[in-house]
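You will see two complexes here that share chain A, one where it goes with chain B and one where it goes with chain C.
Coming up: the complex of A and B.
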């Protein structure tokens, strides 16, 4: 029970983190319940053709106007949010899990097996990500939908994060407290899980945030070049139709701006949340009350209590 | 303070050895341009730590003291040689055997800011060795942790049990580190410069805690230091290390009052004479001040280049003679050829120097 009470959630003191979390939460809510709202309250659906006129500008009936096929852009955006977020979260989770597993193991293991693991990570690091992604996606095209895309993205984008974990682990493995844990009779697994990995928490959190953004961007990229799943609605497929239908030339801003802005919004939210991850591995920062001197000095970029030790 | 040490002083030969090193050697291979060469960190060291006594290992930075301690703790593997615990050779190949050794021999590290994981409370840090080396139930565990905290004078233990390391001062942290070592219920403590990172005013507290553990609980201790004055203060026996070799050893009084080896004499000359300081008011302040002054002594004396070059013996493994000959005022031709065997200087005091053979 004592272990629990220092991981309990509290509202972060940092305003940037709050804004980032709020934006992210809003997108999650839209992804979860947006389609119910669109279907039952607005009476629209993402895939219905000729729901309105072609390329209508925003109105009370079509909040974000219509596409050149007469589809409702707002309904598409809401449906796309769900697809893109799911791809982002699943792809990001897979990439982060692989990055932690292979990074920490390759950093902590010595000798031949450590060298082999590092070589494996390095090979994946130099394989160009997007071409590999396109190659694999073109084989699975049409099968499995967005889930396949998410898995492929996760499996091809972990190497950079693994290198970062490896570097951190290398510096942690020779710390005195790791040696002391060994003298305390701790097993290797326990040292890794409870002494080393908790120190990586900020790096893991920020890897996850940017893997999510990266996966969303990769998915949008695949869809944009037409290598995705044609009938799913995502921010990427929206941009694909925007481009192929020449929406930019006809000035249909209500069609091309929203998906682009949404992708930018996710990136911004991730960046803002990232300001708060330092607290994850420093009980000194965690125990400060919101709005205390420590919180303020961190926001203004001043000295942390570390310097005043 | 010296008086306390004298009261509890036992003749070194009476107690049986508990932890022994026999011909212990650690050569560390070098990388990069000096590939193929080795650093002879520890070179054929014979050492016997006796039951219920404190053995001080004195030497300058880079002389191999810490490597020797890590070898004895099984934190590192020797190139050759043997470690014996209670007369039996210690097998370090299998993890199970190493763990059993950790149960007997525990290490206290130099830097209490680095040796405690800042993410864990003292409750967790101390519970791990208790669980790993014994099987107390959940209810008993808390009582044992509080008992440990109070044993190292972190009182009341109930107030310290849920503290994070950053909520403690340096001295309190080092006490917590001592408590963690004691949690395994060891019979030997290896203190790798346990006070050198601490503020002068609390060094004496920690040293007194260590002597108390010897006197009250009969623990044996290897006290590593570069401060020969504090070695005399706490230890029953002193051995002096230079460049991976032990050069002199014996009862603390004999070694510090009647040093035979030129290196020991140099170390003593670099530290203020404890008798001169203690003849005045032998208060805590004076003794602490002498420790502080002595701490900087031998290290500050050395020019970094020559110290690193001669002290580590990184010479491609061709070294045959006495490692101290380059800086020795009494160097002779024979010093370059080989190192002499230990010569007896009476009542357990020995020295390895051609001047005394």
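Coming up: the complex of A and C.
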């Protein structure tokens, strides 16, 4: 029980969350130090053409084989991890910040300006994101590299998160503690920052998680269709070359499987972590473990579907 | 500035609700739907305005790039030059608001100029050629994915932690994270290339003329199966996860407990009490989900070279065909708006509270 006091450093109890966090940590480590390892230990680099033969299958020298240009696939995958994660984090951070700002404001503001803000959020919600993203990206035409792509993704993908924040804020707005703060004369900014937003923490966390994943997927999609930044190595550009060089027809599984699996891995990790976030926000979602039935909420005691049978 | 104003609309409501004769219900229906229609008109206007502003705000000069490309492809009439300036701005003396009004006027006539990728076919003709393909593919696969995903989600969420839940939930999260285009690539590789069960690409056999001819239709269906499977496979889990989570929290509500205490059958409790309430958020969050599905299906079409809007978009990107791209963005947005409106109508049918709130 004494360890309970170190809440901050406690390892999450949920196994799903632990697996998700471990995967994320691993990817961050690869993004940070992977290129050093690839360069110094394996002696490979992502951009070097004819580092090996064309379309070599995996070997000790080329862990994931080579592309049809003789590039090392493993080195590309590692370099791509950094690009994709950076785009994901920056795009996700921008989208989440906008979602919190617009969602909370539109949920908390009443009257005409509140309605206008809500309409603004709703309009961006119904305008499909990827076509808009493609349109903007095709006008910028790769200027500014992956950073521009990340910023555009962030600016076009906040609406779903804003909607979730708005719904939560609406339900918080009339709670007693907010009203009390209101009647005691606290400023609106202070109420929003200190009373409302802290209660949104789980929703914000899950928005951020999925914004990161969404940004990574969006960037991969953009690169895949050739509307992104073609000369940066990312998971998306790898798949672009897979498609245009006909890697599938050559059966080069070591080339077309890893980038897609990496994208799916990030998404799965986020989904697993989100299980924990969801359960934090809504205790009813916590599944009952055989030995800890007493910890179950009063309401469902004995009348779970199994009990009714 | 003052604080929160307390809502005055508390009293009179119940009496008014009770007086709902049939005509009143119809009136309320009307007012809810009218509000939604007004909203979608505003959204459509916003999409059109965005389309107008983007090329003018972006660095570079798309108008002169287009004109340059057009002059390479053939002689350019002064009308055409004017049209390009109306759609994309550029070095032009007219003030912005005049450009804006002539742009909006042009939209009503459906005049988007000439496509550069398919020069000199008008953009409207090009878009029309792909529209039906995409809408049919996307419409059918979205309905299948929504129904299947919701049913599976309801089954999994009925018993959180049960065997179905422990198998389906993690699996669907993984499938949900697969990029559409990558899933499409793998399906093409396995089922079209390796096993040769389905055609590699296209929308129908090229030697058959489109029409209500059984041979054409069967060819179109076999060509659509793999793209549709991709869209269903990757979008189903979104609906599934959503429904599972809602269901998991709804099964513990008091009204479900009451239904069970009344001795209703398990099927009845699950469908009429729990699932009916759990499905509402799925319907109301349709806008968020359909946006993702549309984006994904555009990419899927590109992989299969399916003759819909996605492949046209691909052509537009490759050829820097801005007129086509602009028109596609508008058409896709409008289609999504219509789909959302249909879902809104469905929501009003499913949830009586929305009808009451309107009175």
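By definition in this document, the second predicted complex is superposed on the first by the 268 of 309 C-alpha atoms of A that agree within 3 Å, B and C clash if a C-alpha of one lies under 4 Å from a C-alpha of the other, contacts with A are read in each partner's own complex, and residues count from 1 in each chain.
Note that in this section a contact is a pair of C-beta atoms (placed from the backbone, for glycine too) under 8 Å apart; a residue touches a chain by one contact, two chains touch by 3 or more.
Just so it is clear, the model here is predicted, and its values are computed rather than measured.
K.L.:
Quick one: chain B or chain C, who's touching more of chain A?
P.N.:
C
K.L.:
Per the contact definition in the header, classify A:199: touching chain B only (first), chain C only (second), both, or neither.
P.N.:
first
K.L.:
Should A:213 be classified as contacting the first partner (chain B), the second (chain C), both, or neither?
P.N.:
second
K.L.:
Where does A:231 make contact in the superposed view: on chain B (first), on chain C (second), on both, or on neither?
P.N.:
Neither chain B nor chain C is touched by A:231.
K.L.:
Thinking of the overlay built on chain A, is A:138 touched by chain B (first), by chain C (second), by both, or by neither?
P.N.:
second
K.L.:
What is the contact status of A:182 with respect to chain B (first) and chain C (second): first, second, both, or neither?
P.N.:
both
K.L.:
So in the superposed three-chain picture, is A:263 touching just chain B, just chain C, both, or none of them (first/second/both/neither)?
P.N.:
second
K.L.:
Residues on chain A in contact with chain B in one complex and with chain C in the other?
P.N.:
Correct list for chain A: 179, 182-183, 282, 284, 287, 305, 309.
K.L.:
Could you pull out which chain A residues touch chain B in their complex?
P.N.:
These residues of chain A touch chain B: 2-3, 175-177, 179-186, 195, 198-199, 281-284, 287, 305, 309.
K.L.:
Quick check: in the complex, which residue numbers of chain B touch chain A?
P.N.:
Those residues of chain B that touch chain A are 73, 75, 99, 102-103, 106-107, 109-111, 113-119, 121, 123-124, 128-129, 132-133, 162, 164, 166, 177, 180-181, 183-184.
K.L.:
Can you tell me which positions in chain C touch chain A when the two form their complex?
P.N.:
1, 3-5, 39-40, 42-43, 46-47, 50-51, 54-55, 58-60, 62, 158-161, 165, 170, 173-174, 176-183, 185-186, 188-189, 193, 241, 245, 248-249, 251-252, 254, 257, 260, 266, 285, 287-288, 290-292, 294-296, 298-299, 302-303, 313-314, 316-318, 320, 322, 325-326, 328-329, 332-333, 336-337, 340
K.L.:
Can you name the residues of chain A that touch chain C in the complex?
P.N.:
16, 110-111, 119, 122-123, 125-136, 138-141, 143, 159-160, 163, 173, 179, 182-183, 188, 213, 217, 220-221, 224-227, 239, 242-243, 248-249, 256, 259-260, 263-268, 270-272, 278, 282, 284-285, 287-288, 297, 299-300, 303-306, 308-309
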